[in-house]
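Right after this note come the structures.
Consider the two complexes below, in which chain A is the common component and chain B and chain C are the respective partners.
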Partner chain A sequence: MADLKDAIKEKSMNLQKEMLAKQFHDLSQANETGKKVVYTFVPGNLTELILSFDMLPVYPEINALQSGMRKKSADYIKDAEKMGFSEDVCTYVKCDIGMMLNGNIGPTGEKLPSPDLLLLSYTGCFTFMKWFENLERLYPGVPVAMLHTPYQEEGKIAQEQVDYMVKQLKEEVIPKMEQVSGKKFDPQRLSGMLENSARAEDLLVKVLESAKNVPTPIDAYFAGVYYIGPIFTAFRGTAEAVNYYHELWEEVQERMRRGLGPVTPEGELKEQKYRLVMEGPPNWTNFREFWKIFYDMGAVIVASSYTKVGGVYDLGFRHDPKEPLESLSRYCMGCYTNMNLPQRVGLLEKYVKEYKADGFLINSIKSCNSFSAGQLMIMREIEQRSGVPVGFLESDLVDPRYFSYANIKNRLESYFQMLEQRKIILRQEGVIA
Partner chain B sequence: MDRLTEIVKKAETLAFDLHFTAARAWKQSGDHRVLVGYLPIYVPREIIHASNGLPVGIMGAGDRKQIIKGDAYYQSYICHLPRGIIEMALDDNLNDMDGFLFPAICDCIRNLSGMFKLSSKGKFQRYFDYPQNFDPAIGGIFYRQEMEKILADIRAINGQEANVEKLNHAIGLYNRNRELIEMIYSIRQEYPWRLSGLDTYYILRAGITIPVEEHNAMLEEVVDLIGEERGEPMDNIRVVITGSFCEQPPTGLIKSIEMAGCYIVDDDFMLGSRWIQGKINNTSKDPLEALCDAYLNQSTFSSAYYDVGNPKGKRLVELVKSRNADGVIFSAASFCDPALLDRPLMQKECDDSGIPHINFQYHENTGQFKVIKEQAGTFSDSIKLWV
Partner chain C sequence: MNKFYLGVDLGSTTSKAVIINENDEIIGRGITNTRANYGVAADITRDEALYNARFSVLRRKLETDFDNKPAYRKYISDLESVFQYEQFKVRLDQLGEELLKTCDTYFRDEQQRTEILQHLRTIRRAFKPRIKHDYLYNNLGAKNQFFRDIVSEKYNEEVNKLDKHLFEPLMTVWDKSISPAENVRIQFDFRELVHRAMDELKVKYGNLPDTTDDNSSLHFDSEINQLKGSFEHVAESLQSHIDEIAQMEFNISNMTGTGYGRALLPFPEDCIRSEILCHAFGAHAVFPNTRTVLDIGGQDTKAIQVDSYGLVTSFQMNDRCAAGCGRYLGYIADEMSISLNELGPMALKAEKDVTICSTCTVFAGAELRELTNLGEKREDILGGLHKAIIMRAMSLIARSGGVFNEFTFTGGVARNPAVIKYLSQLVRENYGDKIKINIHTDSIFMGALGGAMFARRNFKTELPTAKSRKSVA
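Entry: the complex of A and B
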């Protein structure tokens, strides 16, 4: 996903780059090839269902983050603000709208096609709904399918919530997809894709859980969003995705056999001094700088919540070919930001323990209330429950005005000093070797 | 002191009593009574009433409480409302509430429900989801289930069953409540000088802290009193305020707008109390279905409600026309994504219909209104000059 020029790359990184380039190329050719295009969101995405109608998905958040990495987001955001969007609101929305105002040129420099269907599934974030109300006005006449995903209010998914979603899929989403694609819904084809999804999910979990090893062969945050997770969104359900995760898992196993650490843009991380669990999205405008502060200090992220916005597979969920629509519904409801706060705290606590973390960090994003509101309480809970030192950073997803390198570096340096001192004390007390 | 002034004074005290004295007194004066605190915007209060409960609106601490602890729970870029509520929760202002409802308006309120859960405040803390599918057989069923959960929560505390008769009775009372509120707005539409926007606000906000029967009696009196001429008409423009449905504007802001020469002929300050437009069937054998129908078909426009097919910008324009207003003031809490993301679309609708507008952002505890007063004054002057 992330285009890290000059970075040292593994085979899987190149493979994912090729797959993504092809996807954007296919999108740029959609008008010529007659493929229909669906705009939708990453959390709770219905990728398999879209692909089963031979339609192509577009994820506006991915375009926004790509614009952030390619230093285009600042201008896009300004253009949206000129249109009347407040400085205070989510910058993903503004970046996306700004990109549209500037010709809808995608990350590879090719123009993205306009949508044939707006598929609004607003899992875990209320802003998605506002975002699509805006898109609906910007693309007048384009059909909209709404899938309301109920929140895991009680900390679990109830059968009646599944029924509600299945009904919406049957009576709202699928008929609109049939209408737009001109194809009949093919449950068998969907089930076949879900079989592939489940295979890829098994492999993804193995890769993510490899970080329980000391040393960890992967970075579960920076690398997690750079090349481990992205394939999931656009390709889940395809044979290519299964192949990709096979390839990646082979690579990771090889690293484990050889006792190697994670790959950073500057090569292998040799000394792993601090193992951290990270909550919250990364900053995209200064992604590599941000990552570098960590690997320069020997810090590696062993588990993160952001890589779970597209699904919390390590808690056991798999797409189920036997119950395709039920399992799509459960998938949507299971995504990280759709979990209630006690569940989120429980998951993070589990990560700190199971991944043998030395510390817990939050990158709080100005844009994103879905993540940010409540994070200070999450931090206290984790501190109390696990006893590890906690840290708090603030930045934004794609608005460079809110990334202060000096400030973040200072905070992290003090945080790492704190971790170092704690290690010394624990060593003196004989708690660690 | 004349009677209306007396009522307004009482309403102001009730509206800003952050210890909810009246509600607590109500609870103590009967058996099996429960207090259910609810956050903005809307909950079907009828079902709480029918369960021997009193729904109590928690609209934030406003500028009536210094926030110290609450700030430690929220980053600077999150709106003010939840930090005031956390402060109240930590200061024991909410100790007599038996349970809390957090309606689905945004991720801040949603996550606040989780913070209440984590700190086990109240006997239940429920996020109340609105369906965004408006088919009775899909969204209607979902909404009914959401209401049934609340009924079960209350029943678990007081053992009271909300039967058909009690539900219909409550629906009737709230029908009357909304009817009286609309009567006040209708009178004010023609004679806005008879009751100021701020006094109207006090009267409505008092209503979410006391039993509906008492509020109805207050409203009946107000309707009678403003049915007669009082006050002096002024050369003011007429405005609709929108965007203030959740975190409430400080009263100084409302006062400043009025002092700058604007009659506020409609607003969304107390949107939850005016959410359902018109009457709900109160003779149904299935009152929950009647409440569902009302939600699906009679909801006002709002940022919490997916508006495809009935865009809120158009509905705002209709409201401006029906109130015969001269312009719109977009007034939203800082960092309020729902209100601020709706604003450009709604402004565009106003532009397309030639309706002038200005916008403000505030915190519930903003203390300086000089700039707002100047802007509202310039707005008023420009309209007087050109219209």
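Entry: the complex of A and C
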């Protein structure tokens, strides 16, 4: 979904662009067409359920990151701060509020409609709750549906937790959706959509796991958020999404057949020197600059946790048409941000091993409590368990004041030189072949 | 032919150069203040290291040919000091010209111009012999020995003696002249300069009084006493050796550039390395059991973990804020109007703990004034400031994984005795008594040393560096 105007594009990227343009156009026309609009969050989203009521979803985090990439976030944040939001508040929140104050113009330049329903599913991030409390004040009278997703404190999903969530869906979420949309809940329609979801999920996992190949045909972080992941959120459950992932999977298979490396904005990454696993969201205000430091030095991300915020499908979860509400509940609870810290460490350790990574990096986000908690512990655990060199970067989501190019470049340069030096000396010392 | 290797560490505050031989022994050190023109800073520090290397070779000869006689040792050390002065003198003349030139172009009013010019001439005449005296009789002591610092101190002293209305125009002339004078590389002929230094020494020793008791400005010692009668003989016996080292060719086989300004060094790309690797490699080479390195430089603090090969396994750096680095101390020294090198010794005299918030350099200045106002003693406040720096470093170390035995402290700040005191105290409190803490007299040169050692090993590889960001829209 990221907009990189002059970047070299693959067919799937153009397809994505068309789909997203249509989506934002539909949103801008919602008042005329009478479509109802639901604002909701990416982690643990109920996209299929929303679509089954013929409503349109809007994801404020995605709007914020889009504003970040379009260099609009600084002004939006400034306006939110003028309203009284503190410097330390999540910059997605401030950017979203600022965008609203400035006429709610979406990434395509078209106006986004006001919400008819705020669907608050707070999965792993308690700021979400405060965020929608603010939106509720800014859109007086808008109905709010709450969906509490229990955290995986025990490291597993218990049946009682599923029952608890299904109960909320039945008693809180679905009735509100029926009320707002004026339509009756159609379980069969939802099941049909979940069937599509599962198909797209199979394909997405194949694409992501193609990075286990050496060399990898994809970058699973920068490209992961740029064109592999986005369609998943807004379109999951549709035939178009299945079609998109078919197209993408074909493309990736073709890259593998031809022995091609990942796509970067400047074309194919030819020499892959370092394979990395990345934890934490990227910086959006300087996304391309940030990515360039990596591909210039021959580094490719083979697996990342951020692309699992919308679901950890590679651990086996699939939406299940036979048990629609149960599976939606399990999906919400299974997202990366809802996993406890030992589970996250376990997942990242598995990535380092299975994707044959040379190193592990964390991009720590100044204003994100949800991601930052436990990151130093995660880093140390990964270092001890896997023995790969670890690195720590600091930036922010959409506040450009916290992206210091010189600082980040210096750290990354040092980190990659450290990886290179290790290889040379350990080879000289006969420690590695 | 002997082979030598050069490491240049272009830091935010000082630029360091180290020359090593094939046995990884340091034979030359150079240090200067980093200035607007990084290339000049690098050239000057390298030239200095090369001159120092020649003197090192001379000292080594001394051990074999002269049985390390004290009088000879003293002569060589005096010679190196006067040699430095000879370079200094050329720079000083150049600065003098620059001051007059600035004055000429800056002041429109003829009367004012004439007045300032006259004062500038007097100032020059006054501080030149004083600087010479300091060099010749080693009176520079623990003060900063950089050209800019020494001259600015003397210039200020002279300006302060004059009427207040002259302060501003004279300081303006200074500000406009020091940068151009400093940002030019002057190439010296070692042989010519060393001969001039020998002549200067002849005068110095010839003028030595018979008894030194009545002259407190002279550092009386047995070595100088020995030289008094025999300097001509000493100089004569050393002459051919001095000529030899003056002609010696220093073949720098390979070099590495590091430090914050490394990308601006006029070095080939594959000769540039991150200072994190260099500091770790240098520290590990000097203390081979090092596992944790703390480096506090001018504007960054780094906590580095290394393995048994001296390879970095992880590191943490300060981010977004440089409170607690060398510049923090520089700022405090300015606030207190004392020299940077006096800070540590003064802080050691602290008798109680004054708590200072360590989060902001600029606010520390305000805190300092407030505490002074409350009647706290300077020494106690300085003690608190030094402790605050180490508290920040401890947090960074904790982030990087903690202190492992042995622990080596590097960087310019490692020369500050109060920093060492609090660091040792806090490391022991937090990580136990068994941690061995290493601090080397060359701690400020560790990055350059690591660089030189990488150069000697000559790893034939293209290390990753980010290309220019220009192509990014």
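List of remarks:
In this text, the second predicted complex is superposed on the first by the 424 of 433 C-alpha atoms of A that agree within 3 Å, B and C clash if a C-alpha of one lies under 4 Å from a C-alpha of the other, contacts with A are read in each partner's own complex, and residues count from 1 in each chain.
Rule of thumb we're sticking to: contacts are C-beta pairs under 8 Å (C-beta built on N, C-alpha and C of every residue); 3 or more make two chains touch, one makes a residue touch a chain.
Predicted, not measured: the structure shown is a model, and the values here were computed from it.
By the touch criterion defined above, A:Arg288 reaches chain C but does not reach chain B. Look at A:Glu394: by the touch rule set out above, it reaches both chain B and chain C.
Of the two partner chains placed around the shared chain by superposition, chain B is the only one that A:Asn340 touches, whereas chain C remains out of contact. Once chain A of one complex is fitted onto chain A of the other, the partner contacts of A:Leu376 extend to both chain B and chain C.
In the superposition on chain A, contact of A:Asn410 is made with chain C only, not with chain B. Legend: residue contacts after superposition of the two complexes on their common chain; A:Gly298 is shown touching chain C, with no touch to chain B. Contacts of A:Arg199 after superposition on the shared chain: neither chain B nor chain C is touched. Across the superposed pair, chain B and chain C both touch chain A at residues 376, 394.
Considering their complex, residues 5-6, 266, 273-274, 288-289, 292-293, 296-299, 376, 379-380, 383, 389-392, 394, 402, 404-405, 407, 409-414, 416-418, 420-422, 424-426, 429 of chain A touch chain C. Listed in rising order, the residues of chain A touching chain B in the complex are 83-86, 88-90, 93, 122, 125-127, 129-131, 133-134, 136-137, 144, 146, 148, 150-151, 153, 160, 164, 167-168, 171-172, 340-342, 344-345, 364, 366, 369-370, 372-377, 381, 394.
Taken together, the chain C residues at the contact with chain A in this complex read 260, 273-277, 309, 311-317, 319-320, 399, 401, 459, 461, 463-467, 469, 471-473.
Chain B makes touch with chain A in their complex at residues 72-75, 77-78, 82, 104-108, 110-115, 117-118, 126-127, 129, 131-133, 135, 137-139, 141-142, 145, 303, 306-308, 311, 332, 334-338, 340-345, 347-348, 361.
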